[in-house]
Amino acid sequence: MGENHAPVFIANLVSRNRSERIWKNLLQISTLIGIIFLIVLLLNIINQSFGYVAIGYRVPPAKLVGPGQTLENLDIPQLAGILRQRVSPGLLKQLENDTPLEQFSQVNLVNLVMAKIAKPEVVKTWSFWQSLSMREEIKQEVGQLPETRLVFFSWVRPDLVSNSQSSNPLIAGVRTALLGSLWIILIAIMVAFPLGVGTAIYLEEYAGDNHISKVIRTNINNLAGVPSIIYGMLGLAVFVRNLAQLTSGAWLGFSSPETANGRTIVSAGLTLALLVLPLIIINAREAIKSVPDTLRQASYGIGATRWQTIWHHVLPNSIPGILTGTILAISRALGESAPLVVIGASTYITVDPANVFSRFTALPIQIYQWTSRPQAEFRNLAAGAILVLLTLLLSINAAAIVLRNRYKRY
Amino acid sequence: MIPSQTKLIDEKVTSQLLKKRNRLGERFIESTLVFCGFISIFITLGIVFELGKEALPFFSSTDFKLIKFLTGTTWQPQIKLFGVLPLVMATLTTTVIALLIAIPFGIGIAIYLSEYASVKLRSTIKPTLEILAGIPTVVYGYFALSFVTPFLRVLFGKDVVEIYNTASAGIVMGILILPLIASMSEDALAAVPRSLREAAYGLGATKIETTYRVVIPAAISGLAAAIIVGISRAIGETMIVALAAGAGPKFTFNPFQGAETMTGHIVRVSGGDLSYDSIDYNSLFGISLLLFFMTLSLNMLSQWVVRKLSEVK
Amino acid sequence: MDTFITGKIDVKHVSIYYGKFRAVKDVTISIPDHKITALIGPSGCGKSTLLRSLNRMNDLIPSSHIEGSITFHGMDIYERSVDPVEVRRHIGMVFQKPNPFPRSIYENVAWGARINGFQQRLGHPSLDEWVEICLIKAALWDEVKDKLRSSGLSLSGGQQQRLCIARAIATRPEVILMDEPASALDPIATLRIEELMRELAAEFTIVVVTHNMQQAARVSDYTAFLTMDHDRSGILVEHGNTPQIFTNPVDSRTEGYITGRFG
Amino acid sequence: MAKKLSLGIKLMVVAGLMLSACSLAAAPAEAPAVVPATEVSLVSMETSVAPASPDINDPATLSGMVITAGSSTVFPLSEVMAERFKEEGFRGEVTIDSIGTGAGFERFCVTGETDISNASRKIKDSELEKCKAINRNPIQFRVGTDALAVVVSSENDFLTDVTVAELGKIFSSSTVKWSDVRPEWPNEDILRFSPGTDSGTFDYFVEAVLGPNFKNADGKADLEAAKADILGSSNIQFSEDDNVLVQGVEGSKYAIGYFGFAYYMENQAALKAVSLEGVSPDMVTAEDGTYKLARPLFIYSDASIIKSKPEVAGFISFYLTYVNDEIQSVGYFPASQAALDEAKAALAEALK
């Protein structure tokens, strides 16, 4: 080959490297934007969860006492007198159930007068950012309102978890909803976990590569993509309506057959079980698939049966993956609200669920309802409840990650 | 020495030696597992059957005309107008907007994580994104209403952007499916063998050239699957649109106006708990069935794409 | 070749298929009791497939099926009434790559015995003793006796393979199949395994697949040479005493392989 | 490690089973909603105070479940009453589902699963018939008055007062722009916001505002035609969620909507109530009817339920006694004393 015929190379390295840098920056920026979305989302919620609240009273305490006096320096008979005069007879009877008012401590009586007569109410709320940036304006504004005090309020507080729903946002909590969510998830997992893992074992260890198992596999992948609201409609048609006698507990005497209605925890749990089943199956299959074949052969090679091989070797070695998948499924179920709305969660319910045939509400439903109340303060409350839900989800996810890392073997 | 080891296991007559044992437990377990395997089939049949059964009175009613159902532009069951287009249109609008956000960012993030980011950075960002994917959609809906909509209204003017609009819902839906697409795409890219990349580097290719010429074509089936799954998720998403997109069926192409998606309509109307025997109630199942088949065909498409493209590879 | 040896295992006219592909074609061979039989041949000639058919491990590959008969104690192990699990208990297996269970050394050995109905009787060894016996037989006891509770995966490759052998003999099989048991090991570990095989031959019938001819020459009593015919199916070329096969092969293909001209 | 884990899982399953077993065991304490007598005896075992037999005038003697559902308008009122009922000693539970008046009657009259139905309109004849079909005889209790506020955004500078007829036009399918109603109003699309079609509020609005424009052959208002008219109008959004409406109206200068006065009260800063024929809604105009869009609020129950479930009777009695203490804080107007007395008489009658 002569020199004339040698190919020519032009090393356009400068421009190639430039485009390399540009692309890298673009990709970096898009990652950054993704992270910013998350941060803005969280900040938006936090912004609503804390901030100044102007609290007024149904009956201002000053109106209850004579001029120049405050509630705190009234004596016991005076306070008892106010209570006797102002609260309804039923409540009075309730209060005096054990001991007459006169034997209460002064502090208790003041608290009672505040809670039962003065009744603190939210007048206005400000977001965290507003509270920081417009502090003086807010103070001034509230200063002009009669009988109103300004407090810096955290909507996330122990009461939020321990109290039940209430029409007063200052004392409303998510207890019923939280318990409802936990019950529903317990049922969903107790149903979906064995079924899902069973299906995964069947598909990976028993079913060959035949037509039926192919159909099942495709079908499961499809089910994983079915919108949650469709499961809600299915649950409504099957569990709530067709199986009302079962899901209402009428067959066990929990409700009368005539008025049986299936809007119960068990219906919700079963519906969510259907929803998360494909997720559990897919994750469990992956986990089981990742167990090396040599291990199975070793087991078969020494005369183990199929099930002995699965139970003693395949499952223990895939359990981290299976559990991770299950936990992700739990967090999915925990955050679902659309199917529960369709099934018919209760709007106002303050009773803790007593059994699987109880009526229920769930945490995301509660959040949904609070955001749709007219009073702005319920939006703050909803933000607080969102933080509770997120904390729960984050701890579940963290548990998944810890599990995954701790038991990772292959 | 080994004490009388030969008697440890009773020697049987040779013909008995390998006799099949009656492993009842084993067979019981197997049949249980087979049953489990078939449950998913029952669920699908159940969905089709139940939705179909409840939708049947709607499809067979005299007020229902298939042509009008598919081409009518007014959905108002109370006055017997059953044109599903406004609902479908709103669904498509929100989905398209969501994809415009989610695909570039999602795949961009995936490429960055799999090709550029350090192991440490990737192991921080990926779980973070997965957590983002796990946030309940109610929260996203709240975010759309309380942050994105006001933001859009400042940006484009209050007269242009209605308080309920499909744009805001679509954007937030994009943020919702972004981590899903990013995570699935990253998996697909990471699965491309190192040797392929090294071969490209060995020829003097830069990183981005390697990525575009070698890695992405090799992972294309995974990327396509991620996008299709994202689409089907967006179509089926409910709470965001229920909270932010609007609450009245409206046939419009303007993303700054309020409109109601299929899912939004179902959840709104069923939240009001309809009478079981009304045509409204049955029409909901009709919409559900349509929605089911839409997502079903997308999922089938995604699986087909994965198979086809991986064959080409 | 013509001399008929009544063996522990008799393979008669066996063909093995994967789907449509015939991996092994019409092999007839007898495995003598308490001897080591080596299967040698170029890679892809179906020797592993043949080995795995001896204890029905091929059943686990869904598309595979077999023609012909394989008898063990005169009983066809592919007959309907035969339980493959029982077959494998009596005909154990050691694999190419050491694959101990990700459990303790003790559990690795004890598990097989336990699932196969090991019973503790007066005058017989307890499970602990049995584990010790098996580890001694596998020439591993001295190295692991102080760390029976640590993971089987913590051992070196050679130790892991001996653990797998201990595990295989813990179910008291009569035959042990070894699929290139030393190919993943270094030369020193390989030698130890070979020594061990010779020791075990006193008590067990061993069938070993190897592509290492020196190894076959060193350890085996009988050698079978397989190769591929024109349609890539494995066929048995020659079978006989190891010294005879290596010094005076009948078939030219065997000779070619042994002297390294082919394969 | 894997072994420990699988042990853990087994434990979890056992715990789960035990939990469900416990709940089954605990359940009978809940179930007697159907059999109140047992419930009382259970309670008396638990507490040192020996309650008398159920006295509907003393919440402390009552227990069980009061299941209510219906109007989202009545919901906040019932919610407050339920809270107070419990505060005064009621040992059971009240559940309230806010699902719309029509849906509430569906549960009350068709499935028969609720004890009380909240309604922001009178029961329809068709609903009455369904109730009869399951042997329920609805009894109506008036609890208050709600004025419908017709609202526009506080930025709206052209609309302060309308006539009912104009309002009908504003929500009609034949109108698109504001200038179609009054020429001096802007030439802009009307953005309409209405409560959902399942709500009593919607039914009431159609009847009171659009109904007069549609007469059928008998000269009566043709409500179906009226409904079709509003449903067919352009740029209209419906929601059971009144907050959606509040935000929607607030969002545009050219928006108009209507909903319960309470929602207006909570959002006075952003919204402006429009007066109707010169009358703005307040306590007096709502009660005496000069404000045209005032409507009664009801709860419905059934005589046999009231008789068999003292907790239901007790709740209704309590409701009627104390509703006027709370109603204004919720944002509604009290019913007249005469109406409340009539309701109390109906309760007494049902208990006979």
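For clarity, chains are labelled A, B, C and D in written order, and residue numbers in each chain start from 1.
Convention: a residue touches a chain if its C-beta (ideal position, glycine included) is under 8 Å from a C-beta of that chain, and two chains touch if they have at least 3 such contacts.
All figures in this text were calculated on a predicted structure; none of them were measured in a lab.
Using CA-based centroids throughout, the chain positioned farthest away from chain B is C. In terms of C-beta pairs in contact, the better-connected of the chain pairs B-C and A-C is A-C. Chain B and chain C have CA centres that are 50 Å apart.
If you average the Cα atoms of chain A and of chain C, the two centres end up 57 Å apart.
The distance from the centre of chain B to the centre of chain D, with each centre set as the mean of the Cα atoms, comes to 37 Å. The distance from the centre of chain A to the centre of chain B, with each centre set as the mean of the Cα atoms, comes to 21 Å.
Along chain C, residues 85-86, 90, 102 each make contact with two or more other chains.
Annotation for chain B: residues 23, 145, 271, 273, 276 touch two or more other chains. With touch defined as above, residues shared between interfaces to two or more other chains in chain D number as follows: 2, 97, 99, 107, 241, 244. Of all residues in chain C, only 55, 57, 60, 62-63, 85-86, 88-90, 92-95, 97, 99-102, 111-112, 115-116, 164, 167-168, 170-171, 173 touch chain A in the complex they form.
On chain A, the positions that touch chain C within their shared complex are 208-209, 292, 294-305, 308, 312-313, 317, 409.
Interface residues of chain D, counted against chain A in their complex, comprise 1-3, 5-6, 9, 13, 16, 19-20, 23-24, 26-27, 29-31, 33-34, 49, 58-60, 65, 67, 75-76, 78-80, 82-83, 86-89, 93-99, 107, 111-113, 134, 241-244, 246, 262-263, 266-267, 318, 322, 325, 329. Note for the complex: chain D touches chain B at residues 97, 99-100, 102-103, 106-107, 110, 191, 196-199, 227-228, 231-232, 235-241, 244, 247-248, 250-253.
On the chain B side of its complex with chain A, the touching residues are 23, 25-26, 29-30, 32-41, 43-44, 46-47, 50-51, 53-54, 104-105, 108-109, 111-113, 116-117, 125, 127-132, 134-143, 145-147, 175, 178-179, 182, 206-209, 229, 232-233, 235-239, 242-243, 263, 266-267, 270-271, 273, 276, 284-285, 288, 291-292, 295-296, 298-300, 302-303.
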